[in-house]
Structure formats: structure tokens, C-alpha cells
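This is the structure I have questions about; it appears just below.
Read from first to last, the chains carry the letters A, B, C and D; within each, the first residue is number 1.
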Amino acid sequence: MTPALVVIDMLNTYDHEDAELLIPSASRALPAVRYLLEQARERDVPVVYANDNFGKWRSHHGELLEAALASPHADLVEPIRPGESAYFVVKARHSIFYETPLAYLLNALDVTGLVLCGQVTEQCVLYSALGAHIRHLPVTIARDVVAHIHQDLAEAALRMMEINMSARTVPAADAFR
Amino acid sequence: MTPALVVIDMLNTYDHEDAELLIPSASRALPAVRYLLEQARERDVPVVYANDNFGKWRSHHGELLEAALASPHADLVEPIRPGESAYFVVKARHSIFYETPLAYLLNALDVTGLVLCGQVTEQCVLYSALGAHIRHLPVTIARDVVAHIHQDLAEAALRMMEINMSARTVPAADAFR
Amino acid sequence: MTPALVVIDMLNTYDHEDAELLIPSASRALPAVRYLLEQARERDVPVVYANDNFGKWRSHHGELLEAALASPHADLVEPIRPGESAYFVVKARHSIFYETPLAYLLNALDVTGLVLCGQVTEQCVLYSALGAHIRHLPVTIARDVVAHIHQDLAEAALRMMEINMSARTVPAADAFR
Amino acid sequence: MTPALVVIDMLNTYDHEDAELLIPSASRALPAVRYLLEQARERDVPVVYANDNFGKWRSHHGELLEAALASPHADLVEPIRPGESAYFVVKARHSIFYETPLAYLLNALDVTGLVLCGQVTEQCVLYSALGAHIRHLPVTIARDVVAHIHQDLAEAALRMMEINMSARTVPAADAFR
């Protein structure tokens, strides 16, 4: 398997509904996201930031990043800001595949499996894992590297990915093994 | 709202893995599926059967129906067999929208919302509801008209649809209200 | 290259606008379509009939075939009717890929290139060739096995496929070479 | 009809194959592209730049624009550079709709028809017009505002759009009428 690491919706201003429920979970996941980014760099694994555009169609990723870095929660963004070699896919809806060029990009990079991290476990992560599964791309979820709003739904989502999508759910340290 | 009723994966031979877990739930849902089909007929609501092709790419819906009616579990299929005016969409994967003409068909019928029933609540129903939600089609789930394999995941799936997709989850009697 | 043969819109009742312009061309192409079908059978090349549904969403391919065989132009359909092992994709619009499961089917069959034949050269054949080209599937067009409405546009379409899509345009005898 | 103006592939460094054939045509079209952009601004018509990414997946539109403005052919780009309020869709292949969020964006803007201009008439313009047509979006082509590589194919492409896609092909002055 030639993996790519996809970082979902971590460039966030955290000013949306339910953000206060998400922040503690995102904060706990942050060091592990950073660890995965380092691991990807060491192993030459391509990194794709797949991020909501928050309805701002004129924005590109530079602007999204700036907005996130200018927010009161910049400390949740600064440690995991995209490196020079990161790819970027702007999405409008939950799945990283819906109306985005991601499938085309992964094909161009000869990627044959995804390691997913980011937020929200029971929403964009779950639906992005499904998007990979229906395209026959094996999925690894780094368990401690995803953030949730509702813990019970996040746990159900992880079981759905394991049982119904044959996803590997592993600690960050095993994500690229 | 101009609704369509979508019956998901109910034309089934029930010889797949986990079928024994699904059958009791499908059996309980059956009268309510039948009730919804009658309601749809009375109200001139278009009915779409969206059904897995079970990997048989040469099959059309007549053959899928025949196979299901010839199986030991024909009693779960006979009461809800498609009427003359039903539409049919063959799907290969979990979502009723993925690589199918459903979005095009709904547009051609001027449908602006979906009532979903069928199986499996925590898989195809959940992911089809998502497919509608990301296309901005409001979704109604008839709670007693969906069948599950894992009850706890089914309950989580219904909450995900309510909380994160703003789906209405109602008894069959209220589905078209 | 592992090819598939795609027969485009040849199951036709020829009662649409411009049919009288198409019939002579379809008639001339017929023996070569039949030849390609025989070649495909001998070489175990999968055959996919990709056919318009003519707005009849309740129809499956059996009905489409019956309607075509019951029309005054059944002689243009009978010699090339689908064999037992043929696949079938119903399409609603010009491209064989648009809102159809074709890409998924080709992937499931490990197909890595397409031989296209059928009608109309300057419409569905051209746009289906494009659909293959943007998905990086090499395309072969059997020159004498496509039928047109407007000869000048058909010739331009063949040049577009050659120059801009790197399609091979060859006699039927060389299609699988 | 609520139109949008789509400017196709005009942010170009003109260092690709066949560029020398394209430049004179692009040069001739330039004043009319500028005129359409002014008309769109006066009429509050949304403008979308749909542009190839030239395989540079890390690039956003600011970088694409900078590269084009730094090329020897900046004079073909400067007069039509995107304004503050322009939208931007990066595409990888010929059609402006393929694996891009354009359909979603147009829907979010309540756009019901497209005015297309840019390059190349017989390639991206033709295939983007098809993408609109199969989605039932009426298309207007500003005849003198498209640029070609091969004149005979461009003329055939315009006829294909008129005859087979019911596109309006009009002078720039009539594009928004």
C-alpha cells in the first residue's frame, strides 16, 4: 500500500456552532496530528489537507490558513500548519471526495490507501472514510488523532468504520505500519 | 416539498453474511414498508427501488426480483414487490447516489425531498441520507421502516441523521406529512 | 491493455428526430459492429452495451431491446443483439460515463482501455471518448463502425479524437490489435 | 435565466505545446473577453475563472495568476486578471465540471445558465459546453470571445454546440441579452 495522510478540517477558526464541544477534543488530538505529520515527512508520504471552505468560495487555502491563524484558537492551528510540500483540497460538504478533485489527485499520486486524521470523527471523518471505502481504498484511522463533538456518536462511528468498512483503527504510532 | 419514497435494498435473497441478524429486523419493518408503499400510491408520490446488484452486473431489476422471490425468504419480498409504476436504480455500493443515475432521475421528476426506508439503518440508509443531505435534499426517515444488523449502531445512525443532517425521523404514519 | 468493447446507442427504435439521416450510416456500419462483437467473443473481451434509456426510467435493457426489435428498423438491431454474457449500462445523456456505473464496472473488470463503436460519431461517441480520455483510459475508435448524422461534423469529431485525445482510429480489423 | 460568466483557461503561461498556434487567436479575443468582464460587473453577473492547474496541485489561483503574469505573454493575462469578487475553480482536465466543485458553486449562486468564453474552442470550451448541456444548463457562447488552435475544428465545435447542444452563439455584445 502506498499511503497518503489526509488531515481533515483542522484549519478551523472554531467559531461555528458546537465549537466549544469540539475544542477540548481537538486540543487533545493535536500532538498526535503533529506526530503523524512528522512521520509522513520522514517516510515521504504525501500529505493532503482537505478542508472546508466555510462557504467562502473566493478563498484559497492561504486565506483559510490566515483566517485560522488569526482566530483566538490559533494555538490549535499553528503546530500543524501545512508545510511547503503539502497538497490542499477545498471541500464544500462533509466528504473529502464530494465535488472535489481528491480522487483525481490520489490517482495522479499513485496512492492506494489513506490514513485519516482530523475532525469531526462522527461526521467528516466517518463520511470521508466511507468515500474511500466505496472507492476500494483501504482506510486507516488514527484513533487518538481524531476529534469529536459527541463522544457516544464518535465511538459508534469508529465501530462503523471497523465493522462495516474494514478500516484499521490504530494508535498514531502504528498508522504507517 | 415534493417527496419521493426510496426503498433501499429490500429486494434481497438474504444469503449474505450477517443476514440472520438482519432478518428479524427486516421482518418487523415489513408491514410498515408496505404501508408506506400504499401511502405513496394514494398520494401519487413516486417510488424508487434502489437496490444492490450483488455484483451481478448483467442482472436487471426483473432478475434481481426473481432471485429474491425464489429465495427461502421470499416472504420478506413478496409483500413489497415493485408495482408497475415504480422506478428502479441499481447500485453497486452503499450510497444510493454513488455512480447511479438517481440524482438525475430525481431532478427529472422535480423531487425536492426524500422519504427513506429499507435496510441497513447503520449502513446504506445512513450513507444514502448523507448523500441526500450533501445535495441539500431534505430527508425523512421512517423510524419503524428501517432494518438493522447492529441495534446500537442503528440507534447511533438515527441520532447522526437527526443531529448532523437535520433529518426528520418519524413513525411511518407521519412520513408524508 | 485489457480492453472492453463498448457498443453505444445501437439498440434504437430510430423514431427520433434526424433518424432518417442516421439510418443509412448505421446500416453501413452494421456488419462491422457484428464483426467486432464476434472478435470480442473470440478474444474473451468484455462487451458493454451503453444505451440511452430514451427517458423511460422504468425500462430495463430487456424492454429497450424488445422495443427496438419491435420497431420498423429491427433489421438494424437483430444482427447485433446482446449475447448472454454482455454487460449493460443505461445512460440518460450523451456520455456513457455521466451518472452511470460504467467507471465502476470497468474498474471491477480490470479494464484498462476502450474500443468504442456505435452512434452518433459527432455526439455520444465523441463525448464518450472524452469521458474515457479524462479518466486516462486509452481509446480506440473503429472508424467504419461508427454512424453519424452530419458527415462533416463526424469527420471533425474523428480528428478531435485523434489530435486532442490521442485516440487510435483504425479499421475494425485492427481494433483489438 | 440568471447567468454566470465563465472564463476558461485564460490564465495561461502559453508555454505548452501548440501555444504558438493559440496566441494569435487569444490575442484577437482579448478585448472582447475584457468587454464581457465589464458587462458582467455592470450587471452584477457572477464571474468564475475556471482554469487548468497545469499539474501543479499545490498551486492556488494566486500562484497560477502570478505565474501567468510573470510569463513572456503577460500582455494576454494582465487585461483580464480576476477582480476582487471573482470566483475561482481549479480544474485538472478538459471539462470545467469534471472533478471540480463548479456544479455545487453554481447551485449555491442560483445560476441557471452560463456564458462561456476563453480557450480552446474545440477542446475545453466544447467539452465544458457539453458539461453544462447534460446538466440542463443553457449555454451561450460568445463567438468572438473564444480562441482556438485549429480553425476548422473550432468551426465544427461551434456548429456542434449550436446544433447538438442548442447553444446560442452570439457576438459579445449580445451575450447577456
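Definition applied: a residue touches a chain if its C-beta (ideal position, glycine included) is under 8 Å from a C-beta of that chain, and two chains touch if they have at least 3 such contacts.
Keep in mind the model is a prediction, meaning the values are calculated, not measured.
S.K.: What are the mutual neighbours of chain C and chain D in this structure?
M.R.: none
S.K.: Taking the mean of the C-alpha atoms as each chain's centre, how many Å separate chain A from chain B?
M.R.: Result: the chain centres lie 30 Å from each other.
S.K.: Using the average of all C-alpha atoms in each chain as its centre, how far is it in Å between chain B and chain D?
M.R.: Taking the mean C-alpha position of each chain, the two centres sit 41 Å apart.
S.K.: Give the residues of chain B that touch two or more other chains, as numbers and ranges in rising order.
M.R.: Within chain B, residues 93 contact more than one other chain.
S.K.: Could you list each pair of chains that touch, in label order?
M.R.: By the stated definition, chains touch in these pairs: A-B, A-D, B-C, C-D.
S.K.: Of all residues in chain A, which touch chain D in the complex?
M.R.: Residues 55, 57-58, 60-62, 85-88, 90-93, 99-101, 103-105, 108 of chain A touch chain D in their complex.
S.K.: Taking the complex as given, what residues does chain C use to touch chain D?
M.R.: On the chain C side, the touching residues are 93-95, 98, 122-123, 126-127, 130, 133-134, 150, 152-153, 156-157, 159-160, 163-164.
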